[in-house]
Amino acid sequence: MTLRIIATGGTFDKHYDPLTGTLGFRDSVLPAALQRARMAQQGERREHRCVFEPLLALDSLDMRDEHRQHILQACQRAPEHQIVIVHGTDTMRDTAAVLGAAALQKTIVLTGAMVPYLIDDSDAFFNLGFACACAQLARSGVYIAMNGQLFDWDNVQKNRAQGCFEVLR
Amino acid sequence: MTLRIIATGGTFDKHYDPLTGTLGFRDSVLPAALQRARMAQQGERREHRCVFEPLLALDSLDMRDEHRQHILQACQRAPEHQIVIVHGTDTMRDTAAVLGAAALQKTIVLTGAMVPYLIDDSDAFFNLGFACACAQLARSGVYIAMNGQLFDWDNVQKNRAQGCFEVLR
Amino acid sequence: MTLRIIATGGTFDKHYDPLTGTLGFRDSVLPAALQRARMAQQGERREHRCVFEPLLALDSLDMRDEHRQHILQACQRAPEHQIVIVHGTDTMRDTAAVLGAAALQKTIVLTGAMVPYLIDDSDAFFNLGFACACAQLARSGVYIAMNGQLFDWDNVQKNRAQGCFEVLR
Amino acid sequence: MTLRIIATGGTFDKHYDPLTGTLGFRDSVLPAALQRARMAQQGERREHRCVFEPLLALDSLDMRDEHRQHILQACQRAPEHQIVIVHGTDTMRDTAAVLGAAALQKTIVLTGAMVPYLIDDSDAFFNLGFACACAQLARSGVYIAMNGQLFDWDNVQKNRAQGCFEVLR
């Protein structure tokens, strides 16, 4: 079984630019993170493999319908049935809704981070591990994996005051 | 649902002692790691909670039958049905075998790390996230979660030359 | 001999705020950094001690004349003759000029960082060590210590294209 | 002016080996550390440059007379007058005594770390910055730079109980 990991940007993947003093995008941190997680290791007895696809590098507040269609198409054309999408948290739910409505016969797990991978005390690497397990174990559907919890795409919201995700009802 | 996370020591939890120049055990890193992962956050809409139990602080090469019985008893007396055990990698399989033979009606996931949580480029935080998802999603049984893969307790071995876990057959 | 370390904000001391997704100020990182450097340790044979003064928490682009006077007054009233000022890099030279013109009989070293202390691959901790040595060893005067070099306050500029400090001539 | 930085091993430069679970030596961390400190940057207005020399990779308890002669020869043949030596803390004083007795007309600063550069909360990067400033500013002689203090080679000892360096008298 192979797991596809798609980068779309978001807080998870932000870098600090010393020349401008702002956070933005460069090459994704995901290849190094997957190496560090030993997900990228190949071996004859490895049952699970992963492939990485750098699709977008956007702040999720800048993500529009066309970008969401682009993500949907990436999920549709992927030969894998297990997909993790690293995405900004602000509109993760909107992208999940587009993917959920498409009802693909795949397990698609969106995750992200409250603090960038490269900043002290980041939740990113934990979330990536959590999401990779969910993509392997949950039945077909579209999910959001944040703060150690797996949410159905149509029963989740970001609690902006507390900086975490929670069920709607 | 509540997830119980049991520390038993192992590479995951080793600290560097500047006075002796060696790696050993102090207070577990797990409470801080769970806070960082936002697993420890409480909220009225939190469906999943986690409790932390510092049971042992041993190098897994020093773990004997009595320690494994101690871990088994901790799993038996836990009110939770979802348990993550942080354990050294060298004898993780032996402890998993003791727990597997007991056939508890719980999902018990052993995880650990190839590099301590507090050392650069550690896999620990990813593995913890991966294991927390597995404990929530896998059916009852005893598992080992390492390098982004979930293994049945009776079909796994540590490949010491490559520093990863793999299936037996 | 005692070294006074004065925080005024700047990139060095920026924290990531997960609720807003921006970099800003909270409690200074300097007390923890000095502990980590073992500068804060007390002992009967310690000849050098350090005191920490959290004076301002400003982006240096927001620093105005009144703030620079405030920093000057802090240097004047300090009983110590060795002072390190942690400051934003963009207007570090302007503050140095105000302090230089005052011609105090003290060694005052301004330092900062191109990448915040709490972000991966930061130069902050090195710069702090470099500046603490300069404050102990350089003769009275006002200096800027960045990228492993000590500059006189009236012969230095920030090269914004390369992200480093250099002499004027 | 050019600064020579000589690696000899020691705690500063230890790496964790995931296959053996022990701390040992691989390629020195110093080239990456100097890059991070922006010491390695070249520019037409850079007055200070640094060169790196990987001489030894030894635990300082394993360092014998022949190794100390080897370090002395490296200092003698170096064209630079400012030298930083990264060295284990346990016998740093012994090496400093060999170099001190040779009375070269150079400023030689030995530094090291109580916690390896690659381990959480390490003092290494601060010490490196501190030592690089001392080598540029102190008059000819042999020194030990640790815990934010510069010591003459013949008036310093490691306090093993507290994990810091202090004057003898």
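All chains are identified by letter, namely A, B, C and D, in their written order; residue positions are counted from 1 within each chain.
Basically, contacts are C-beta pairs under 8 Å (C-beta built on N, C-alpha and C of every residue); 3 or more make two chains touch, one makes a residue touch a chain.
Because the structure is a prediction, the values reported are computed rather than measured.
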item: Count of contact steps on the shortest path from chain A to chain D; value: 2
item: From chain C, the most remote chain by mean C-alpha position; value: B
item: Gap in Å, rounded to a whole number, between the CA centres of chain D and chain C; value: 24
item: Distance between chain centroids, defined by C-alpha means - chain B, chain C (Å); value: 43
item: Separation of mean Cα positions, chain D and chain B [Å, integer]; value: 39
item: Multi-partner residues of chain C (at least 2 other chains); value: 114, 121, 163
item: In contact (per the touch rule at the top): chain pairs; value: A-B, A-C, B-D, C-D
item: Residues of chain C defined as touching chain D within the complex; value: 3, 33, 36-39, 41, 43, 45-48, 50, 114, 121-123, 125-134, 136-138, 145-150, 159, 162-164, 166-167
item: Sites on chain C touched by chain A in the complex; value: 11, 16, 18-19, 21, 23, 114-116, 118-121, 160-161, 163
